[in-house]
C-alpha cells in the first residue's frame, strides 16, 4: 500500500520571493525506510513538514499540489488526527522537551489523542523499552543529556503508535554515541515493527544502510531518487549537488571506474569490507 | 610533538571541578604552540569544552595552572588581556550576536578593549575581509542572515581582537557538506595563511582527518592521547574508550590491514592508492607461489 | 527478533557502564540533592510520602498564616520549627545560605526607614541609643513586622526546597484547575528553564568577548543586562516556533479536548493516591489557619501588644 503520495507539490513561505519546493512528485510505500538527503535550505525540512501537515497548518504561504497520507489529504486533518497517523521528531532535543519530567513528556501525547488510562502504562512500558529510556522516567530535562532527550522525543512520538514516523535531522545535535543510539533504535524499528520511516539526515554513512529509498533534494526539487545501490552511482553528480557518498561506497565507486569492481555499490561497511577482501584475493574483477 | 614554534599555551597539572561536585578535568598537561591546527575529540562529558574554557580563562583551575603567552589565568583582572590572546567562538552564533548592525558587532570587542575609533574601524574592516563579509553587509542586522554568515560574523568579531589562538566549538555541527567545507577551509586558511593556531572541538572524524594536524583525545576528564592525526586514528581501541570511531575509510583500511593496507589511511584517494599497491603485491605473491 | 534483543542488551549494558563512569567521578554529596528551576530538592525525603497537594497546602499555610501573626516570639518559633521540619525532610540546610544576604538587606532597610521616618505619636515611649532617639512602639512594630515577613519568606522557601515542578503541577491538577491553566503553567516553567540556560550561555559568550563584569560601573552593568536581552529574545523567538511545532507533532490543542469524544485522562495523577494522612493534614491546616485568622481579626490575640517581650520593654520604659 502507498503510505505517502505526493503530487506536484509546491510551497512558498510568505514573505519569500521563491518557492521553497516545486513540482515534487514522490511515492513512499508502507513499511519502508526512506532517507532524504541534500544541502541545507534546499527543501528537505519543507518537504517533510508538508507530509506531516505542519505546513500549511502552522505556516503562512502558498500551497500547490497534493499530499495524501494513506489516501487522505493532510490539509483537511486536525493536529490530533495527524498525530495519530504521523509522528514527527525534530532536530533540537531541547525545544522538543516541553514537560518537566520524562514521564510527563511521554504521557502528554497519549493524553492528547485520548488513550484510555488503563492502556497508558502498557504503552509506556513498550515505548521506554524500544527507546532505551526505562530508567529515566522520573528525570527532569536538566538531569539528562541531549542524546537522552532525543530518545525521549522519539519515544513520546512513537507512543502514539503512528503508522508513519518522520525524523528531521534527529542526530545533528548529538555526539557519536548519541547518534549510535538513535540509529540502533531506527534499526530495531525497521526490523521489528511495521512502520513507515522517513528520515532527513546529513549522516549519510549511518542512514544509507537502513534505506530502501534515498531522495536527494536540491534547490527545491528532487534531483535524484532510488534504492541505495543505484543512488550512489555517479559520485560526481552527488558532489555537485552538495552531498558525498559514504567513504567506503565512494572508494568502491572509484574501483568501479578503474574497472576493478563490477558489482553493486554497498552502503554498509561490512559489505564493503567483504567486497574489498575478495578483490584483494582474486585476480579477476569481482562482482560481490 | 616536535616543533620549533613558540609555545603559546602551557597547561600544567590542571584539575577542575564544577561547583556541584562533578569532576570535569584532572591531571591535564598540554602545550599548544603557534601555527598549529589542533582538534579536541572525545565523548560528551569527557571534558573537551571544559578544557577549552579553562584555556580561554572562562573557568579558573582548581589546581595546576594555565599560562597563555606567559599570562596566568588565575591572576585577577586578566579577562581583557586573555581575550586578545585566545578567542572562543561558541557553537550557536545566536548566543554571541547582540548588536543591531554587523559593524557594531565586530567592533564590540575592540571597543571594549578601549581602542580609539580609527583603530576599531581598521580592525573591523580587516576582520570582515578575512571572513568574507562584504562591506555593504556591515550595516545590516545580523538576525536576518543565513546561519553560515552569522557564524562568520561571530568569528570576525573574535578575530577583530587579534588573538593568536582561536578555539571554535563545533564548527560543522548541523551543517551540510558545502557549509562544512566552507568553514573548515576558512579556518585552515587562518592557520596556514594568517598564522593563527586553531583549536576545534568536534565530533566529526572525517573533518578531523582532513584538516587537523594534531589531535588531543579526551576521556573521563583526562588526556588519553595527544599526537598527530594519523597516529590517533590508527588506534581504534583507544578511541573506543571515549566512544569515538575513526572515519569510515580508516576503519575499512584497518579491517584490511592483514592484506598489507596501512592502519592510518585518512582519505578515499589514499585508500585507492594503498589498495592498488596491496592488491598488486598480494596477487604478485599468489602468482609467484603458484609458479614455485 | 534475536538481533534486536541482543543489541538492545548490549546497549543497555553500555548505558550502565557509561553511567557508572560518570557517577564514580562525582562525590556522594552531589547525589543527595537534585536540581529544579529554583534550586535543589532532596532526592529522597520522608515528606514525599505525602501527596503533592498536601505539600501545596503547606505553602498556602506557612507562607500566609503569619499575615495574621504579629507577635514576634511566635513567628521566630515558627521559623525555628520550619528549619527543624526541613532538616527532617532531608533538605540541605547549608544550601539556604543563599537567602542570608536577602534577610540582612531587608532588616537593614526596614530599620533604617523606620528610624528616619518614625511617624511618632505623642503617647509613644522614646528611648535613646547611640545618640539617636527611637520610639518603642515604632521600633517594636518594625521588629515584629520583620519577623512576620521572615516567617512568610521561609514558609515559602520551605515549599520550593521540597517540591519539584512536577509536584506543583500535580497539586494544581488535583485541585481541578482547568487544563488550559495547568498546561500554560507547565509550559511557562519549562520555558523559564530554557531561558535561564540560554542566559547562562550568553553571559559566558560575552565574557569570551572580553567583557569583565567585575570591573565595570553599576550603571554600565545595568546597560549590560539590557544587552543580554537581545540574544535572549532572538533565541526565544526561534524557540517559540520550535516549541509550537513540537506541540503540534504531539497532537496538542489548547483546549485539551479529545476529538473522538470522552474526557481527557490524567495518567500522572493516578500515580499519586490521596491517603488518609493527606486528608487529615489538609483539614488540620485549614482549621488552624481559619482559627488563627478568626482569633486575630476578632480578638487581636496575636497582635504586637500581646508579646511578652513588648510588655517587658514597655514596663521598663514607663
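For clarity, chains are labelled A, B and C in written order, and residue numbers in each chain start from 1.
The rule we apply is simple: a contact is a pair of C-beta atoms (placed from the backbone, for glycine too) under 8 Å apart; a residue touches a chain by one contact, two chains touch by 3 or more.
Remember, it's a predicted structure, so these values are computed and weren't measured experimentally.
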Other chains in touch with both subunit A and subunit B: C
Busiest interface, counted in C-beta pairs: A-C
Chain centre separation (subunit A, subunit B; CA means) in Å: 30
Gap in Å, rounded to a whole number, between the CA centres of subunit C and subunit B: 43
Set of subunit B residues in contact with two or more other chains: 45
Sites on subunit A at which at least two other chains make contact: 177
Of subunit B, residues touching subunit C in the complex: 20-23, 45, 53, 56, 58, 77, 79-80, 83-84, 87-88, 90, 92, 94-100, 108-109, 112-113, 143, 157-158, 161, 220-221
Subunit A to subunit C touching residues, read off their complex: 52, 54, 57-58, 78-84, 87-90, 92, 94-101, 103-104, 107-117, 120-121, 129, 132, 135, 140-143, 153, 156-157, 160, 177, 181, 184, 187-188, 191-192
For the subunit B and subunit A complex, residues of the former touching the latter: 43-45, 146-147, 173-179, 203, 205-206, 243-245, 247-249, 251-252, 255-256, 259, 268, 271-272, 275-276, 278-279, 282-283, 286
For the subunit C and subunit A complex, residues of the former touching the latter: 1, 3-4, 7-8, 11-12, 15, 18, 34-36, 164-166, 169, 186-187, 189-190, 193-194, 197, 239, 242-253, 256, 258-262, 264-268, 270
Complex contacts: residues of subunit A adjacent to subunit B: 38-41, 91, 145-147, 169, 172-173, 175-178, 180, 202, 205, 242-244, 246-248, 250-251, 254-255, 258, 260, 269, 272-273, 276-277, 279-281, 283
